[in-house]
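Provided herewith is a single structure, encoded as structure tokens, for subsequent inquiry.
Think of it as A, B, C and D in the order they're written, each chain with its own count starting at 1.
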Amino acid sequence: MSADELPSSHFDELIGTEWIEDGPELARARIAVTDKLRQPLGLVHGGVLATLAESVCSRATYLAVAEEGNVAMGQSNATSFLRPMTEGHINAVARRRHGGRTTWIWDVEISDDEGRLCALVRTTVAVRPGHER
Amino acid sequence: MSADELPSSHFDELIGTEWIEDGPELARARIAVTDKLRQPLGLVHGGVLATLAESVCSRATYLAVAEEGNVAMGQSNATSFLRPMTEGHINAVARRRHGGRTTWIWDVEISDDEGRLCALVRTTVAVRPGHER
Amino acid sequence: MSADELPSSHFDELIGTEWIEDGPELARARIAVTDKLRQPLGLVHGGVLATLAESVCSRATYLAVAEEGNVAMGQSNATSFLRPMTEGHINAVARRRHGGRTTWIWDVEISDDEGRLCALVRTTVAVRPGHER
Amino acid sequence: MSADELPSSHFDELIGTEWIEDGPELARARIAVTDKLRQPLGLVHGGVLATLAESVCSRATYLAVAEEGNVAMGQSNATSFLRPMTEGHINAVARRRHGGRTTWIWDVEISDDEGRLCALVRTTVAVRPGHER
């Protein structure tokens, strides 16, 4: 399945996700920081970072397994917040660490425009036959 | 600090978070499912669930520790997705499991309006002196 | 399958695990603290706590799913260490939070003999057909 | 502090941990698989893998922060099991991803002697002043 055939993701549109790369082993996306993404202290809400990682991994897995009639759905998302983000872009690079028959595991690094690491996310994406969906 | 004194959270407003309870040991919030929260398959995006848990725990911790001049910031968020959500409300109940000097740990249950468990989240919230912020 | 039919677990014998309860929704086990379980500072090694939780959840899941010809194997183990342990027993109580077709999720509380919470563990146990083992 | 000055770790001796490298950014250790490390199905117990990662990260952090009068203690350990291990060595390579004032975060890869990835572990190690220990 190509990315063009994928239905649009309303929530990703809401937060401004820009898809950059959708490979089965390496995927990237980013979000420009805007005021609507902030929490009470003025920092980017941690949920935005968790969401970006979830989106990029689920999407890349989905695109890869759809060819065999499978679907992909997030099973777990573990985010460690290392450094507050306040401006510029939220840049996510996801590398696949395991591509099993029933689960894929990805490691995601989230960094700011100066290349400083701001969060680490490990996601597990479940792969299931499409008819079970 | 009372909840009224807390600056508004733009991201929580964007996704429609309703605060229900902000106690230091039990906190609750919910979000009404709307189309803007969906991912490509039409389900609620997993990042919304992670965000709701992050918000409710950070907020309750912040309100509790602010009295002593401290601030609270999310350190980690581990979400397990158990059941897709498609309609009604996303209901989060957070129970504090550890209230240490430097970290608070919360367990959050997210369920639908029929009371079915849809996600489990464990958050760690760091507590730091306000002047270090 | 009854617990008597299960092959012995060498590693659990090595660390002294005592099985107390093996139900499909609630399982319990404990370990008496001995010197061989300590790390350099004299505390019980964190790996002992993670191991105990892993054992009790995998075992209870295995016993429950074996009746249908399935096997169970640990998929993930997330342990948060709250309080050092130095003596008495390491007491684990595991409650099943999700009993799906392909994964079971358990929450484990580990406490000392005074009932103080020392660690929280969330485990995911994969359930697979026995012939795929 | 040099590794020679560190008190011996009884639990690591029990399971046969061999220390290979203890740097502040890269640390390595391994365990030879023996029968005492197996669970009922004959595989290496998942707790052994979690323990090895916990040991190597805590030790490397401790050695690094001791110079400034601090101590290090495990705060969380999240292990994903990818592939069963049955023989040879359990090889752990830990890379530091965050070296903060109060927490260090490490990513650990555990592989077999053929270089196949068998587990991924993310650990958080708390750093505290020695007098608070």
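FYI, a residue touches a chain if its C-beta (ideal position, glycine included) is under 8 Å from a C-beta of that chain, and two chains touch if they have at least 3 such contacts.
The model shown is predicted, which means the values in this text are computed figures rather than measured ones.
Which chain pair is joined by more contacting C-beta pairs, B-D or B-C?
Between the two chain pairs, B-C has more contacting C-beta pairs.
Looking at CA centres, what chain is most distant from subunit D?
Centroid comparison gives B as the farthest chain from subunit D.
Just how far, in Å, is the C-alpha centre of subunit D from the one of subunit B?
32
Return the distance between the CA-based centres of subunit B and subunit C, expressed in whole Å.
Chain centres of subunit B and subunit C, defined by C-alpha means, are spaced 28 Å apart.
So which bits of subunit B are touching at least two other chains?
Correct list: 75-76, 78, 80, 124.
Flag every residue of subunit C that touches subunit B in the complex, lowest number first.
Checking each residue of subunit C against subunit B gives 78, 80, 82, 97-98, 100, 105, 107, 117, 120, 122, 124.
Spell out the part of subunit D that touches subunit B in their complex, as residue ranges.
Touch residues, subunit D against subunit B: 75-76, 78, 102-103, 124, 126.
Could you list, by residue number, the parts of subunit A that touch subunit B in their complex?
Per the touch definition, subunit A meets subunit B at residues 6-15, 35-43, 45-48, 50-52, 54-55, 58-59, 62, 71, 73-81, 84, 133.
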